[in-house]
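Read through the structures below before going on.
The following pair of complexes shares a single chain, chain A, combined with chain B in the former and chain C in the latter.
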Partner chain A sequence: MPSKVERWKDEAYGMEVRDHLLRFAEEGWDAIPEDEHDAWFERFKWWGLYHQRKGQESYFMMRIGTPMGRMTPEQLRTVGEVANEYATGPVDNPEFGEAYADFTTRQSIQLHWIKVEDIADIWEELESVGLSTMQACGDSWRNIVGSPVAGRDADELIDVWPIVQELHETFKGNDLYANLPRKWKVAMTGDRRGSGQGDINDLAFEPATKEIDGEEVEGFNVNVGGGLSRKEPRFARDIDVFCRPENAADVAAGMSALFRDYGDREDRFNARIKFLMDEWGPEKMRSVLQEEYVDYELPTAGEGLRDEYDYNAGRSDSHGDYVGVHDQSDGQNFVGLYVTVGRMSAEDVIDLADMAQEYGSEMIGLTQRQNLIVGDIADEDLDDFLDEDLLDEHSPDPHPFMRGSIACTGTEYCSLSIVETKNRMVRYGRWLRDNVPLPEGVDDFHIHLSGCTASCAQPQIADISLRGMKTRKDGDAVEAFDIGLGGGLGENPTFADWVKMRVPADEVPGYIANLLEAFEEERDSPEQSFRDFVAERDEDELAGLADGEETSYEDPYLGNTKMTWYPYAEDTSMDASPAPTDGTGEPLPSDD
Partner chain B sequence: MADRVMKVNAFTTFDLLDASVEGHGFEEEAFATLNVRTAREDPEEITLELELDNTQLENVPAHADRVTLSADEARTLATELQKAAERVDDTDQ
Partner chain C sequence: MTTSVHQLDDGAWVSVNDSREVNVSDLWRLARHDFCRCRLADFLVEGFVEVAPDGADVEARVAGRCIQCGASGVTDWLTLGRVDPETDEFRPVVPESVHVPGRRSRLATPP
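Take a look at the complex of A and B:
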């Protein structure tokens, strides 16, 4: 029997939900019937809107999908203006202020405290510069990820930007693929870095070459069924298909139609294509694709470039990100800037967009490591650009502990998370920077902090994985983390080994300090990467490497932040919440 | 160690409980997660699932236990728990 969500989707879903949203925007929050909240909130996701958590009723997170994280400075400026005008709540964030934008691990933008009454105006502003919230969430083609500098990167096989634009145009707002059994995440990589992180996507196009009729053809190998959520992380598996660039839309259409028709619509927990891959295996996946969904003969896989991949690969011989100054193929430069846990104040967003425009940049890129790239900086302008004040905060050369930090949304807004995440990761990063010497030769150290097992911060693919839990300390329940070690992508992707459970949040920096000390003492040589060091050790050895420890680090969010209406309010109790509010932010009278 | 078997998020009934496991010749204590689940659509039974932190256990492999209850059985359990809670409350007073 189809699930409840499937029934809601049958009643209204996809494009038609826009009209309903516009009606609610006109009539106000109260017009959404209370007994239909769950159904409407599910449908709103297709248009990029997630209702915020308990205590924040009537407020939404809005996600804007930017294919491969690629934007123009004008689009970035608009995001900053929208954030400034509409993404402000009743209380400021102590680290990030009143208005800000989040850059996500899937190269999208998230704004918070959005009121339904403002949606029409926000869409008008976003759409006037070609931005959209369509299919940013929900059971459909999500934002396509890949390298934002495709076509500019001096280190690539294929410029995938025209192909990604084609896929984006084809599959956004397309009724044939608008209602899938679950989310559908696609990555396309054309570079030698592996920056699409295709391994953790439902459908991945990986750069490859193949000899066909005596001619060497550049294209993609096709992998299917990756994903990180819950206890079932999977890397996408090779279905032994080579795809020419001109066939990418056919293969993508075939695979997403196969998922639409064969994916599990009865159990949402079993719906992602990774579970169909578990059941079928890659051979059957290939044969069903060939026989039922593609009308040309699929070539077998070509020669991939995996051995060159370094993006988030934990290699000691190269940085696994886009931070810093890089050569463009046209002789100019792109500059990757560090953004603290992916969050930038609206003011900085606007200033950065203006600055990029002044330097003649035509491209801003959001990366899967929650950072930002400014493209097209000429050699003669580079020194001036690097001297800009804005780069003091958003540095092209941040400390490795800051550079490697990723955090999800957490209890600040998210209904699923059980711990505070972003502000805590900021504090962890600063404390580590100021107190923990990096072992010789370590220039990158990736710490991914996720608030629950949903894995939005991609915790399984980091040097240190932190996943929110609770523990008891001095008789009180406190926020804590399960800790994993040694995950990463690259030539041989591996998930982290989970080695500690429930380390109190205030003892995690001490744990990391102790761990790095053990690493420096015990590693084979200064050339050995942390990831290789972990791979060499069994579970017991890893668990015994270090323990949590209290230090000078102070954690203001140790209590149960999910029970607050907002963790940074003066009075955090649920009763103190002003929500739900009307279109002007005034509390609405409660029913009881 | 193995990863957790149960997912844990804000909808989990208890993410921090004291628990123990006893077998022939061993008894170990560990923190545990306990969750009450029903199917999203037309649920016919209730699932009660329990997982002890496997890092604290040496005698049993990482796992979660599940029992399924009918609505009547769940109500019986709830009544028993309610009565037991009242007895504990009485002692406290």
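Take a look at the complex of A and C:
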């Protein structure tokens, strides 16, 4: 029997939900029938709106999908303006202030505290510059990820930007693919870095070459079924298909139609294509694609470039990100800037967009490591650009502990999270920077902090993986983390080994300090990467390397932040919540 | 009145009659259970896998972990609370009190 969500989707889903949203925007929060809340909030996701957690009723997270994280300075400025005007809540965040934008690990933008009454005005502003919230969440084609500097990167095989634009145009707002069993995440990589992180996507196009009829053809190998959620991580598997760039839309259409028709619509926990891949295996996946969904003969896989991949690969010979100054193929430069856990104040977003425009940049990039790139900086302008005050905060050369930090949304807004994340990761990063010497030769160290098993911060593919948990300390329930080590992508993708469980959150910085001390003492040589060091050891050895420890680090969020209506409010109790509110932010009378 | 119950947002919470009532992240004490070997499991709720009404009761199978021994998995059916037949108001159980998971006598989904 189809799940309840499937029945709601059958009644209304996709494009048609827009008109309903516009009606609710006009009539206000109260116009959404109370006994239809669950159904409507599920449908709103298709238009990028996610109802915030308990205690924050009537407020939404809004996601804007930017294909490959690629934007113009004008678009970035508009995001900043929208954040300033509409994304302000009843209480400021102590680290990030009143209004801010979050850059996500799938190269999208998230704004919080959005009221349904403002949707029409926000869409008008966003759509006037070519931005959209369509299919940013929900069961359909999500934002396509890849390198934002495609076509500019001096280190690539194929410029995939025109292909990604074609896929985006083809599969956004397309009724044939609007209602899938679950989300559908696609990555396309054309560079030699592996920056699309295709291994953790449902469908991945990886750069490859193949000799066909005596001619070497550039294109993609096709992998299917990656994903990290629900303690069921999978790397996408090779289905032995080579795809020419001109066939990418056909193969993508075939694979997403296969998922639409064969994916599990009865059990949402079993719906992602990774589970169909578990059941079928790559051979059957290929044969069903060939026989039922593609009308030309699929070539077998070509020669990939995996041995060159260094993005988030934990290599000691190269940085695994885009931070810093890089050559463009046209002789100019792109500059990767660090953004603290992917969150930037609305004011800085606007200033950065203006600055990029002043320097003649035509491209802003959002990366999967929650950072931001400004493209097209001429050699003669580079020194001036690097001297800009804004780069003191958003540095092209941040401390490795700051540079490598990623965090998801956490209990601040998210229903699923077990623990507070972003503000805590900021505090971890600062404490580590100020108190822990980096082992010699380590200038890149990735710590990914995720609030729960949904794995939005991609915890399984980091040097240190932190996943939200609870434990008891002196009898009291406290927020904690399971700790994994040694994950990463690259030539041989590996998931972290979970070696230390339920470490109280205030003892995690001490654990990391102890661990790095052990690493420096025990590693083979200063050239050995942390990832290689971990790979050499079994689980017991890894567990014995270090223990959690209280230090001078103080954690203000150790209690149960999920019990609060907002963790940083003066009165955090659920009863103190002003939600739900009307369009002006005034509390609505309760039914009691 | 029929009670409408759903688990939503990847099992993050349970809705009773379109109102968010029970969340992940609480610790529940489980007794007389076969989830792990702890006499009294200290169970962290990480996700609601299945939810169904049983008369006035709302019950769920819950994914999570015992934070004493580290065992993880899915519980048998647990009572989350009860809908007051007079007022239709949902009255949740207190997670910190002791709960006994059990097999359901009725089907979760009517045939």
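As a working rule, the second predicted complex is superposed on the first by the 592 of 592 C-alpha atoms of A that agree within 3 Å, B and C clash if a C-alpha of one lies under 4 Å from a C-alpha of the other, contacts with A are read in each partner's own complex, and residues count from 1 in each chain.
Just so it is clear, contacts are C-beta pairs under 8 Å (C-beta built on N, C-alpha and C of every residue); 3 or more make two chains touch, one makes a residue touch a chain.
None of these values were measured; they are calculated from a predicted model.
> With the two complexes overlaid on their shared chain, look at chain A and say whether chain B and chain C clash or fit.
The answer is clash.
> Touching A:Leu416 in the superposition: chain B (first), chain C (second), both, neither?
both
> With both complexes superposed on chain A, which partner does A:Arg502 reach: first (chain B), second (chain C), both or neither?
Touch partners of A:Arg502: chain B and chain C.
> Can A:Glu34 be said to touch chain B (first), chain C (second), both, or neither?
Touch partner of A:Glu34: chain C, not chain B.
> Considering only the touch criterion stated at the top, classify A:Glu539 as touching first (chain B), second (chain C), both, or neither.
A:Glu539 contacts chain B only, not chain C.
> Would you check which partner chain A:Thr494 touches, where first means chain B only, second means chain C only, and both and neither mean what they say?
Neither: A:Thr494 stays clear of chain B and chain C.
> For A:Met469, decide between first (touching chain B), second (touching chain C), both and neither.
In the superposition, A:Met469 contacts both chain B and chain C.
> Using the superposition on chain A described above, determine whether A:Cys452 touches chain B (first), chain C (second), both, or neither.
both
> Contacts for A:Glu42 in the overlay, against chain B (first) and chain C (second): which applies, first, second, both or neither?
second
> Once the two structures are fitted together, what part of chain A is touched by chain B and by chain C alike?
Touching chain B in the first complex and chain C in the second, residues 1, 4-5, 53, 230-231, 268, 411, 414-418, 452-454, 469-472, 477, 501-502, 562 of chain A appear in both lists.
> Under the touch definition given earlier, write down the residues of chain C that touch chain A in their complex.
Touch list, chain C to chain A: 4, 6, 8-13, 15, 17-20, 23-27, 42, 44, 46-47, 49, 65, 67, 70, 72, 109.
> In the complex of these two chains, what residues of chain B are touching chain A?
Within the complex, chain B contacts chain A at residues 1-12, 15-16, 31, 40-42, 53-56.
> Where on chain A does chain C make contact in their complex?
Residues of chain A touching chain C: 1, 4-5, 34-38, 41-42, 53-54, 57, 229-231, 268-269, 411, 414-419, 452-454, 469-472, 477, 501-502, 560, 562.
> Can you tell me which positions in chain A touch chain B when the two form their complex?
1-5, 7, 53, 230-231, 268, 411, 414-418, 452-454, 469-472, 477, 482, 497-502, 539, 543, 562
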